[in-house]
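Below, chain A partners chain B and then partners chain C, in two separate complexes.
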Partner chain A sequence: MSKPVYDRTHHAKMATGVGDPQCFSGKAGDAKFKVGDRVRVRDLPDIFYTRTMTYARGLEGTVVELVYESPPAENEAWDNTEVSEWFYSVVFSQHDIWPAYSVGYPNDTLETEFSERWLEAV
Partner chain B sequence: MSDHDHDHKPAPVVDEVSDFEILEVAVRELAIEKGLFTMDDHRTWTEYIHTLGPTPAARLVAKAWLDPEYKKLCIEDGVTASREVDIDWVTSPPTQFGTPSDYCNLRVLADTPTLKHVVVCTLCSCYPRPILGQSPEWYRTPNYRRRLVRWPRQVLSEFGLQVPEDVEVRVADSNQKTRYIVMPNRPEGTDGWTEDQLTEIVTRDCLIGVAVPKPGVTSNVKLPVMKAANPVPH
Partner chain C sequence: MSSSTREEILRHLDAVGQLQPALHKPTQAPAPTEIDHTLYRAYTRSAHDVGGEYDVPIEYHEKEEEIWELNTFATCECLAWRGVWSAEERRRRQNVDVGQTQYLGLPYYGRWLMTAALIMVDKQYVTLSELSDKIEEVKNRHV
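Let's turn to the complex of A and B:
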């Protein structure tokens, strides 16, 4: 039996002249959330690789931008680029993230991104 | 033949190689062996990345201060706006798909009188290299990464920046494919300045968000270096 041959440069070929995440544009279909939606970050199990921070899990925040379409990092880390998802920029109140956040700054916020699978409607 | 040959071995180039440097060399050699890229590619990319610096981003901000239409474009589409300052995120790097370590999505975070942005990457050290060059050493330290998200005001004050209480501090955690630069507010005392003059005061620190531009200040914050009271012997 011969060893299977993988083209490990296919990702670079896809992005050449186009850019990444631009090369996944139009591949995610309809977005589930829109700007202004309240969302909760799911606490999904992750195996070996994720880009969803521990501090963000279970938090409620507001979608401020639909940023791009891309395979989620958890798949892409294993060279799986078959399925793309919408990515959202979400803003949280600092007081929701850190119970011990300095008193007196109720407006302070943190903004970061999640792929669609990590978010659920509130 | 001298008996003392062993005394004349060339001195090592560096005293100490970190685990991460060993890991980088190992991964790089494997990648070359597998044919993902060649040694020449690696050299070309490394040399390219050392030609980059923060000036294009500073010019982008200065242009936006002078041209409200361009400012709108910066906020809507940072990658397109970058072309005005001769940075093509996609096709100008030697790889033709962005820098080897960076994605091609730039967001310009515009400060307002009631909102101050500051950028961090808690997961690693994502940084908008094509438009800002190599990140400063402190940006990559666990100290900055883990403290900025929790205590942004305290960390900013260590950089000499006291943010008023009525101004919202927004930390942008660059955890996926977006890279951020901060567009600070145009400071007082710069009326009638040219684009070149304005570019000079938008330092790298202003673009990360740990400083704000001031007339007359054209260099980054000098962080005090504290000598360890009880240094660890090496």
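Let's turn to the complex of A and C:
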């Protein structure tokens, strides 16, 4: 029986001379959210792999940037790059994240990125 | 088998016994009803998602990279360059697939190196018996 043959350079072919995530530019379609939108992080199943931190689930924050288009990490981690999504940078209040956060720093924020599937409109 | 091999095997079994997941109660072969949603979620979470978990402070050590660490990094980048994995697949394998015990217990570049070897086996570039023979050959060179 012969081994299956994959084109394991398909990603390199896409990204050579262009860069990653630039090679996915224009592939995610219209963005669902815009800068200034209030969003909530979804608590989706997180078996096998995720880059969406548990501590961020259920938090509400504000979109501050549409950063790039790329396959979601959960898919790219198994080399599935056919479908791309918008990635958003979202800002949260540290007090919303950590119940015991010092009251001495009321303006502290945390900014981090999510792909579109992890966010819902508030 | 020499007696030193048996001694190493017995030491190994003892060390593995001490690596049991720290649930602080016996956990062998639980009945399905013993795993409620809270425990299920705790068991199946990604090992690298440690933000917000309770832990003791870790002392910060400034440390130069060693030659084997730099070589490991270069090897892993070459695997990416030749299309064997993307950075995301590498992270998934070295941070999550290794499991909680190895994630917390092995040095950072140790996980890179183990993962580089495993993907060569997983994607059929080498067989595990070829890899084992090579490790044994190199080991014997340094006895």
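Operating definition for what follows: the second predicted complex is superposed on the first by the 120 of 122 C-alpha atoms of A that agree within 3 Å, B and C clash if a C-alpha of one lies under 4 Å from a C-alpha of the other, contacts with A are read in each partner's own complex, and residues count from 1 in each chain.
Basically, a contact is a pair of C-beta atoms (placed from the backbone, for glycine too) under 8 Å apart; a residue touches a chain by one contact, two chains touch by 3 or more.
Please read these numbers as outputs of a predicted model, since none were measured by experiment.
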{"item": "Simultaneous placement of chain C and chain B on chain A, clash or fit", "value": "clash"}
{"item": "Partner chain(s) touched by A:Tyr55 [first = chain B, second = chain C, both, neither]", "value": "both"}
{"item": "Partner chain(s) touched by A:Asp108 [first = chain B, second = chain C, both, neither]", "value": "first"}
{"item": "First (chain B), second (chain C), both or neither touched by A:Ser89", "value": "first"}
{"item": "Which of chain B and chain C A:Ala12 touches, first, second, both or neither", "value": "both"}
{"item": "Partner chain(s) touched by A:Gln22 [first = chain B, second = chain C, both, neither]", "value": "first"}
{"item": "Chain B versus chain C as contact partner of A:Ala77, first or second or both or neither", "value": "second"}
{"item": "Chain B collision site on chain C, chosen from 6-14, 24-32, 96-104 or 114-122, when both complexes are overlaid on chain A", "value": "114-122"}
{"item": "Shared contact residues on chain A - chain B and chain C", "value": "8-9, 12, 53, 55, 73, 97-98"}
{"item": "In the complex with chain B, residue positions of chain A that touch it", "value": "8-9, 12, 15-22, 51-53, 55, 65, 67-68, 70, 73, 87, 89, 91, 94, 97-98, 101-102, 104-105, 107-115"}
{"item": "Of chain C, residues touching chain A in the complex", "value": "44-46, 49, 51-52, 81-86, 88-89, 91-92, 96, 123-124"}
{"item": "Footprint of chain A on chain B - complex, ascending", "value": "34, 36, 79, 89-91, 95-98, 103-105, 107, 122-123, 149-154, 165-166, 168-178"}
{"item": "Interface residues, chain A side, partner chain C - complex", "value": "3, 7-12, 46-50, 53-55, 73, 76-79, 81, 97-98"}
